[in-house]
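Take a look at the structures below.
Two complexes follow with chain A in common, the first pairing it with chain B and the second with chain C.
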Partner chain A sequence: MIVLKNVCKCYETEAQRIDALRDISLHVKAGECVILKGASGSGKSTILSLIAGLSKPTTGDVVVDGKRISKLMEPFSAHFRRENIGVIFQRYHLIATLSVRDNIALPLIPENLSAQVMEKRVEEVMELCAISHKSSALCRHLSGGEQQRVAIARALVNEPKIIIADEPTANLDAVLSEQFIETMYDLKKSGVTLLIATHDSQFFNLLFVDQQIELKNGVMLS
Partner chain B sequence: MKFNLYLLEFALFSLIRKGAKTLFVFLILTFLIFLLASVLFISDAIKHELNVSVAHLPELTLQRLQAGKQVNVPLKRVEPLLEIEGVASVIPRVWGYYYFKVAGVNFSVVGIDAFEQSYKESLQKVVDAYDVKALEKESGMIVGAGVKKILEENYYQDFFNFVTADGKWKRMHIMGSFNADISLQANDMILLPKKSAYEIFGMPENEATDVVVKVSNPEEIPTIVSKINQLYPDMRVVTKEDIRVSYQNIFDYKSGFFLSLFVVSAFTFFMIIYDKLSGLSSEEKREIGILKALGWSMDDILKERFYESFILCFGAFLLALALSMAYVFFWEAPLLRSLFVGYSTLKPSFELPFYFNMPMIVLLFLLSVPVYIGSVMIPSWRAAMLDADEVLR
Partner chain C sequence: MTLTPEIIAILMLDGLFLFFSSIAFVLSLKLYWSWDSEATTLLQYRLEKESYLVGLIIKYIFMLKVPLFLFFIYTCDTLSGIITGAMCAAGVVNSVDFGLFLLLFKLLNLYLFGFWLLLHVRDVESELQPYVRQKSLFFGIAFFFFVAEIVLEILFFTSLNISKIVSCCGTLFSASTQSSLSFLFLMENWMIVSLFYASFILMLVGFMVKNGAVYLFSNLLFLFFAIVSLILFFSTYVYELPTHHCPFCLLQSDYYGVGYFLYAALFLGTFYGICGVVIATLTKGFILRAMRFSLFFNSLYVVMVSAYVVVYFLKNGVWL
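Right after this comes the complex of A and B.
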């Protein structure tokens, strides 16, 4: 499902060159749940970003669902991401001046679906993430937990095969973190592939986790 | 490909949710385009007016000079002028300015004669429409729309008492009013029988203010001018072209004020554009990054930004155009107009004729709408070119 072959990623500035990832190779099967763990700056987010097609590797190949996403041109990679991948960001990256409903509907806008289908999908994910009661509220007025549920709903609305979550519980308390884990478990049961970058120890002993990959300074330790 | 209405809806809503910023840009754009459009409308209207005026002028106007000052022309000079080959007609004119002290304005008083062909088509129409003989009999006059308005505002509904050169009062009845084709010139005009004009100005009846000469073939004008100069060396011959140049000079001088106004508003507009081109706010960049991360392609993002800027700028353009048309042609351009028509305090006001210069509007459109859209699209394109990861980081 997801294959990284000898992937390197470096960021260059005028002053220095930073090797974010060094020769990373990994293989994730469809429906698996993979935890990427490591300290800040270890390269977890960079791996997720490459898999989501949000950036391109400096060298190496990223293949997702049989497509070499690292070689796809911009409109095709956007289309691929829209159809296959849902992203939950650490800081949620919601548009604060849009309502819950409008934020969730954002990935569907380029699809140009009929109004009924669009409405149905948004309603379903709002129901699933228990955020229907706030559908008209502006995102800037939501609590941290509510914002996260909107971010999850937004990641699910295009019915993706892969969910990518970057430090999803970093800003949540223990109760909300547990709720998130339950949601992830439900998604795994429904066959969605999960990639979660975290340094939250709650994730490390979960029974539904298939792989745990540890990173340090851009290198895979395990 | 099916048109994506959701992108348009998102763009509209995006403008609304940016509230104060949208309103600010909209108002600034509207004001600047309004200013530019108003300047263009006023200058075009006046230019058009002057062109029409010049087109109606006689080929030659003859003035007699004495010690460098204009003096009356003896009527006995008319016959010898008529004998010059190529001259079609010679019309002695009796006219002058009458200062109406109460209102503080000058009227142009023109004497007309029932048996004489008028030197202007527009005046001929007025003369044809009224019985000039009756005017003579009943001491009547026909006044321009501007004159009528001023007289009515100052008690004189049906008549007006002129103070003649010898200090007596001469009552003239208003027999009608006219809106000549050339409002700039005819608006302050009073047409009355030549006899009455002589009396008001205190002129001897064997003289005229000046003489108008019509020529059958315009090619012969230089020859006729030299013959007139030989015949009457004390007469100055003013050609239509001379008048056109002098009008143009006045217009160009006045245009200077407008040009500076134009330059200031254009400069402000381009400053805004420069500011926009220099980059997006971090919030705008972040939004583009989010949309890219959610699967929007660069094409979707640029389309949305295009709709947004087009709605804003084209809306401002249309509103500014409508406002400037109302300001110039309905409200008669207060403030700006007095800049252009500098002598308005001495003359009755006139209506700016409606003249729609389409190429100028197109030019204004091209200088505003595409430029503004470009200033939004270029930084958006730059941001959309980056990896979403880089924008969101």
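Right after this comes the complex of A and C.
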């Protein structure tokens, strides 16, 4: 499902060169839940952005669902991402001036679906993420937990095979983190592949986690 | 050397083009030698970014070159006011020995850049960019024509001498004088016009039987006979003067700038008919789409030039 082969990623500026990832190889099967753990700057988010096709490796290959996403030009990787991957960002990246419903519907716009189909999909994911009661509220008026549920709903609305979450509980209290874990468990049961980058210890001993990968300074420790 | 705001603008853009196209040229050579779409090396990922940069540079140059071609004609037209003897752009272009070559290079380069652009479009339509090496090689060759055009253009403007008396278009495009174009007038009008319509009919046949080779060949013929017949025959009906054959005066406001429409239709039609068909054949693309575009613009050209003749005959009851 997801294969990284000898992936290196370095960021270069005139002054310095930062090796964010060094010779990373990993294999994630369809339907697995993988936790990427490590301190800030260890390379967790970089791995996620490579899998999502948001950036390209410096060397090495990234294959997602049989597609060499690291070799795709931006329009193709964007298309692939739209159809196959849902991303939950650490800071959610919601549009503050749009309503909950509109934020969730955004990824469906390029799909050219009819208004009825779009509406039905949005209603379904709002129900799933327990945010229906706020459907008309502007995102800037939501609490942190509610914003996160909108972000999850937006990631799910395209019915992706893979969900990528980057530090999803960094801004949540313990109760809301528990709720998030339950949502992830439900998704895992429905066959979605999950990749979660976190340093939240709540994730480390979960029974539904198939792999835990620890990173330090861009190197895989386990 | 004559410097007007228009000339300064053209020369500055030439410098800019030379700078950017040199970058694209060096990168194209690198792409041609080192591109390996399967590789996941540092070099290949760099080349993928550089391929994007090359595409961006060439598209930028092409987008400016099209209006700049018209601006060049406009500049020559405005210069005719200060160059003794010149009545329109034709006199200015011919005031320098290689003026006509410069014009031909400009046209050729538009076709070459357009060809590259069509190949580029086909290339980026595919996930793995299968034509990067081909388009890099093509630009590597086309670059020399482009540099030749820029050098000629700089020489052209630096060689312009306003105190030199030049021939006007009436003299240049005339059978009675010994100009570089007077050999055209050795041909019979009826023969050229017949060949013009025959090449168009051949094009229609090529389209109907969907034969790319016939269509391409007929477009080459059509381009040649269209220009010659325009000078020898059709232009006289636009001017309503049997002795005036200048292909540049058509661009003037006295004739409602009809030349811009005629040349746009002719060059777009033959561009799709030649470059479009070649690209579609090489890349197994939609050849019919290129043919349809081509036929539309070429037909438009035929209708426009024929209309002038028909309208003149209906109004006056005689041919020129």
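Heads up, the rule we're going with is that the second predicted complex is superposed on the first by the 222 of 222 C-alpha atoms of A that agree within 3 Å, B and C clash if a C-alpha of one lies under 4 Å from a C-alpha of the other, contacts with A are read in each partner's own complex, and residues count from 1 in each chain.
Here, a residue touches a chain if its C-beta (ideal position, glycine included) is under 8 Å from a C-beta of that chain, and two chains touch if they have at least 3 such contacts.
All of these numbers come straight from a predicted model, not from anything done at the bench.
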Answer with first, second, both or neither: which of chain B and chain C does A:M73 touch in the superposed model? second
Determine, under the contact definition given at the top, whether A:H199 touches first (chain B), second (chain C), both, or neither. neither
Considering only the touch criterion stated at the top, classify A:R22 as touching first (chain B), second (chain C), both, or neither. neither
Check the residue A:S49 against both partner chains and state whether it touches chain B (first), chain C (second), both, or neither. first
Between chain B and chain C, more extensive residue contact with chain A: B
Which partner does A:H93 reach: the first (chain B), the second (chain C), both, or neither? first
With both complexes overlaid on chain A, does A:T59 touch chain B (first), chain C (second), both or neither? second
Could you pull out which residues of chain A sit against chain B in one structure and against chain C in the other? 56, 75
Help me check something: in the complex, which residues belonging to chain B touch chain A? 2, 4-7, 10, 13, 17-18, 286-287, 289-300, 387-390, 392
Chain A-facing residues of chain C, complex: 37, 40-42, 45, 48, 52, 124, 127-129
Chain A residues touching chain B in their complex are 49, 52, 54-56, 74-75, 78-79, 81-83, 85, 87, 89, 93-95, 97-98, 102, 106-110, 112, 118, 154, 158
Which chain A residues qualify as touching chain C in the complex? 5-6, 56-61, 70-73, 75-76
